[in-house]
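Shared between the two complexes below is chain A, which has chain B as its partner in the first and chain C in the second.
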Partner chain A sequence: MDSHRQRWTVASLTVPTWLMLLAMFAVPLGSGVYLSTRSDKIGSFVPGVGVGLDNYRRDVMSGVFVEAIVTTLIITFVGLLIQFPIGFGLAAILHRNLRGTQLFRTALLVPMLLTPVAVGLMWRFMLDTDLGVINWLLDSVGLSRIGWLGEPWAARMSIVLVDSWQSTPFVMLMALAGLAGLPESPLEAARVDGASPVRAFVHVILPMLRPVVYVTLLIRLIDGLKLFDVIFILTRGAPGRATQTVGLLTYNTGFNFLETGRAAALGIAVTLLTLPVYVLWLRAQRAAQVVG
Partner chain B sequence: MKRRGGIVASYGVLVIAVVVALFPVFWTVSTSIKTRVDSFANPPRFFRFEPTGKNYRILFGKEQFWQIARNTVVITVTSTILAVAIGSLTAYALARHPRFGGRRPLEAAMVLVRTLPGIVVMVPLFQVVTRLGLYDSRFIIILVYAAANLPFAIWLMTGFIGQIPIEVEECARTDGANRVRTFLHVVLPLALPGVAATMIFVALLSWNEFLIPVLLAGEGSKTLPVYIAGFISARTLDWGPMAAASALAIVPIAVFTALIQRRLVAGLSSGAVKG
Partner chain C sequence: MFRAAGAHAPARALERDIDKGVRRMRHTRGVRRLTALVAIAGLALTACGGSDDGAEEATEDTAAPAEETTSEECAAVGDKGEINLFLIPSPSSTSIQSFIPAFEEETCIKVNFSETPYGEAHQKQLLAYQQGDGQYDVAQYDNTFLAPFGAANAMLALDDYLANSAEYDIADFAQGQQDYGKYDGKTLGLTLSTEPMIQWYRTDIYDELGLTPATTWDEYLANAKAIKAAGKGDGTIMGFGPNVSWWWMTLVWSFGGTLYDGNLKPTANSAEAVAATEYLKSLLDVAPEGAISATGDDVTFKFLSQPIGSMVQYSGYYGFLKDPNANKYPGVIATAPMPKGKADITHLAGWNIGIPADSKNPDQAWQFLEFVLGKSNAKAYLESGAAAIGRKSITSDASLAASDPYLALLTIPSSSRIERYPQLKVWPEMDVAITQSVTAILSGQKTVKAGLDELQAALEPVLAAEKG
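The block that comes next holds the complex of A and B.
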């Protein structure tokens, strides 16, 4: 009986958190669902009217939205292909604990802490076709200049590059945490058997790191789908719609074309798209709690 | 012999990685102290240029800049205190009590908030806020920041409180201290380093936040990231003052990083969940 009362006393500690989350997330999401069925526009003198599922039919079931999904997935997955090998590779080297490791580790973590907007601007300057230091570098080693932010594929890869620059440290950090928690003995055994360090890493350590890889993958997947600031600064979706991800499309619809109702419908669709990753993450978190 | 080769290769890779990681920072700072001519020079001038303070003087000469700096600091500090205060209570419940009313829905809500793309919430939130006549209100912006960073604060604090041995608390309880006194006089002092680290991490996220203020802040409550982004839409791209503003956003982060260097790794990786 007492423990039942205690459970609710403890629960009362979470009341402020609940209020905050309800006011700032549940209310907007609820009104988002409502807005998504209306024709509201920002700054319009004509009040919005209910339009049923028209916004979904027009915007969600459209080629532009599908295109945005594809762009989002391309940017996310190419990014993973860069961030994981480099992040885990660097972690493996740092894990050897050579002299000066702490200094290297801190320096390598810096990019993930910096203001994304400032990061985007720095890179925009560096990627400038005529004045940028990157094209100068290409020039001086005899390669041709690239119109980084002006051509569709170059622009997509520029975003992948900048996001990877900022996110690889996070992957490295997770890998380091994973490595620190591994038992030594299987590795010793591999060494005794004469496996090279690289082979030992691939065949012995990586399989043991599976849980870390999985969680890191989920987080990077979510953050890839959420990526906004850097794209906003670098291209704002241009050239054409080449870098218009679902987030940018929602933003542009809502705040460039001022179509609040249609943007809300896109937002709800994006929420539904992220739901599978949400479920996987929640499951992973619950599993981790049972173990740990 | 083979092993020494491995060590040299390792250092080689690390040095290249550090150069790649830090070059953009170096380039921003150096552009911020270059004249227009030097910043556009071809080939680029890495070290051989006459440093100038002109870009910073232009920035500091603007009344608007000081207001933006003030807004950024006030919003960052207040929302951080709010998020960590509210978050600590919940973290205490999560760390100390495996079962309490609403625990599982709470965990689910926290993960959901973390996975939702910000823009999805911001479209309707913008509508609600403007309808209520609260556009450009620092108060609302602070609340939204705090809510957005709340799950992150809770995750971090749960980890830190979990590290405090529960025996300390039980001791205090058997000595006759009640729940509130135990929390205030025993748990809180022990959790203080964790609270400080959490505050720094949350402050970092608030400091860097862009989407919330770009949509909810007008001229009165604009923050530094919004100001920096504003340089792009200007007709001529003026890289000098822009680099100076970017450098000013980044330098406090470098200082804080140095301050918490020891806790950096533990904090960041338990904050797998960074918002």
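The block that comes next holds the complex of A and C.
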């Protein structure tokens, strides 16, 4: 009897947490699912009606959505290919505490502190084909100008470039924190065994950094999938739909076309599609246990 | 119609224009009492902009007694009501605000206002009207939202007020412009700015090469080619980027096409639309390289800062010409009517302003609109920095024409068919579909035929939703 009461007491202590989770997560998600099956529109004077899965059929099963997913994945993964090597490389250099490390660390963190809209505007000027400093530099070394925001692949890569410029410091910071927490003894042992710095990095440091890599990857993947502001400022999805990501598509549907039901369907679809990213979280936890 | 993104530059020009306006108004009967109060607005703007011009300081003293008189007089006559304005950041909004003190003084009606950025303004208005609790008495909105507001009966019909207002004098507008705020035969909004697409050109380049402003699209392209060939710069610029629909629609209409037929079936891949799109694409060869991604605002900024012979752009951007920070070529830019195609059309844009149907004080709201936009203050309103309203009495005013020669272009001849943004609830979705297809064509991802066929297919469900 006592243990039964104790269990109830313990369980009741978790009620505020459950209520909080319900309010912050389950209710909005449930509302989103409900809204996605209705014809509601912002400001419509005609009440929305249930439309079943019509919103999913029209918007999620469309070529435009698939295109947006592909564009999102391209921008995200190409970005990761740039951000991880540079971020980890910079972290490795800064970890050696060479002269001026403090100054460089502070300077390298500046892009991360800026708001994406300001970053987008600044780069929009720099990438301007006619007046931008980047084409001016290309011109001055005899290279031909590039229509950074007007050609499909150049526009995609411009977004990758801007996002990487702003996000690499975050990767660097995470890697730096990971490196600072590594035990010295395995590295010492590797050195005594005659491992070169590269081999020591690949076979000793990197495995120990695995939890950090997974968590960083997880966060950057989520950031990449919801990337919106920089694209909105730089290209607004143009040319054509070359830079239209799922974030921009959902924004347009919800806040430009005022189609809240359809936008909710897109949002739910994106939520479901990003569930596999959760696997990374599980892996990170497992890796942390192994390293620990 | 300036969007929020471009509003900072007109604001600077506005500070100077208000000063100029203040000086002129001191000599104008009937608006003299506005002097001190407009000066308050000028002073406030100066404080925000950090100007160190001494002219504003001198007006501060004249403003204070006027405020005292207002409160004393109004205390004597009692409460005359209160109205709430919903404004969207723009030179028009700033000018409206500058008239509030004078209106309060004259009528003892208290005026509150709030500004909401363009990107969220119409959604906010729709939500407010849906609630129906009379949050706003006067609302500024883009003409593209006339249809959604009209369909929802969200705005009050102003026809009775107009019929009885000699002060507003609707007959002072050409017929096409009288219809600018009409939906389903009812006037739901007054014209807050008249912004037709017009031709802009560099007089120095044209004179040197012996060119004259184009009257047809063929001439326009020939002029642009001549400028480029002579090495005087790029021939022309239009917005081939995220706002390409502004120009594409204009050309489709001008080439004799339409966007959809009477049954709301899209006609985006008609022969006329194909010809218009091919023409638009041909202009890319004589435009600056960066035009491919230029927004509507970029087009103006590039034209005013790079050697470019001509552009076609809304007249509402004229304020930038007067801004030395924006215009690198002062005194050598002139305007002319837009070239004609198969059809003589005028693409007309601009703000509307109206009274929400749930307004708690519609009569006071009308009094305010009549005061700011009526005939008596029309000149002062323009001089306070607002985008021009195409009243006949304004566009034919010789003194105004001397400083703003483009004003004559705001009188749209009856021979020219006025075209404006489609008055459809689904316009934002159409706009995105047009932009995506046309920019895909211009950037070489699609042929003209394939791109327009895709657009046609994309518009079908969108327009079907309008019918449904």
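The rule is simple: the second predicted complex is superposed on the first by the 229 of 292 C-alpha atoms of A that agree within 3 Å, B and C clash if a C-alpha of one lies under 4 Å from a C-alpha of the other, contacts with A are read in each partner's own complex, and residues count from 1 in each chain.
Everything below uses one rule, namely that a residue touches a chain if its C-beta (ideal position, glycine included) is under 8 Å from a C-beta of that chain, and two chains touch if they have at least 3 such contacts.
Predicted model, so just to flag it, every value in this text is computed and none were measured.
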{"item": "If touched residues of chain A are counted for chain B and for chain C, the larger one", "value": "B"}
{"item": "Touched partner set for A:L272, first chain B, second chain C, both or neither", "value": "neither"}
{"item": "First, second, both or neither for A:L53, with chain B first and chain C second", "value": "neither"}
{"item": "Which superposed partner A:L138 touches (first chain B, second chain C, both, neither)", "value": "neither"}
{"item": "First (chain B), second (chain C), both or neither touched by A:L149", "value": "second"}
{"item": "Which superposed partner A:L81 touches (first chain B, second chain C, both, neither)", "value": "neither"}
{"item": "Contacts of A:M61 with chain B and chain C, given as first, second, both or neither", "value": "neither"}
{"item": "Contacts of A:G237 with chain B and chain C, given as first, second, both or neither", "value": "second"}
{"item": "First, second, both or neither for A:V202, with chain B first and chain C second", "value": "neither"}
{"item": "First, second, both or neither for A:N252, with chain B first and chain C second", "value": "second"}
{"item": "Chain B and chain C footprints on chain A, overlapping residues", "value": "131, 255"}
{"item": "Parts of chain A lying in touch with chain C, wherever the complex brings them together", "value": "42-45, 58, 128-132, 145, 147-152, 155, 235-242, 244, 252, 255-259"}
{"item": "For the chain B and chain A complex, residues of the former touching the latter", "value": "6-7, 10-11, 13-14, 17-18, 20-22, 24-25, 27-28, 31, 40, 42-44, 86-87, 89-90, 92-93, 96-97, 99-103, 106-128, 143-144, 146-148, 150, 154, 204, 207-208, 210-211, 215, 224-225, 228-229, 231-232, 239, 242-243, 245-246, 249-250, 253-254, 257, 261, 264-265, 268-269, 272-274"}
{"item": "Footprint of chain B on chain A - complex, ascending", "value": "7-8, 10-11, 13-14, 16-18, 20-21, 23-25, 27-29, 31-32, 35, 40, 86, 89-90, 93-94, 96, 98, 104-119, 121-126, 131, 133, 136, 140, 165, 169-170, 173-174, 176-177, 197, 215-216, 219, 222, 225-226, 228-229, 232-233, 246-247, 250-251, 254-255, 260, 263-264, 267-268, 270-271, 274, 277-278, 281-282, 285-286"}
{"item": "Interfacial residue positions of chain C with respect to chain A in the complex", "value": "119-120, 123, 125-127, 129-130, 148, 152-154, 240-242, 288-290, 292-293, 302, 305-306, 426, 428-429, 432, 435-437, 439-440, 442-443, 445-446, 461"}
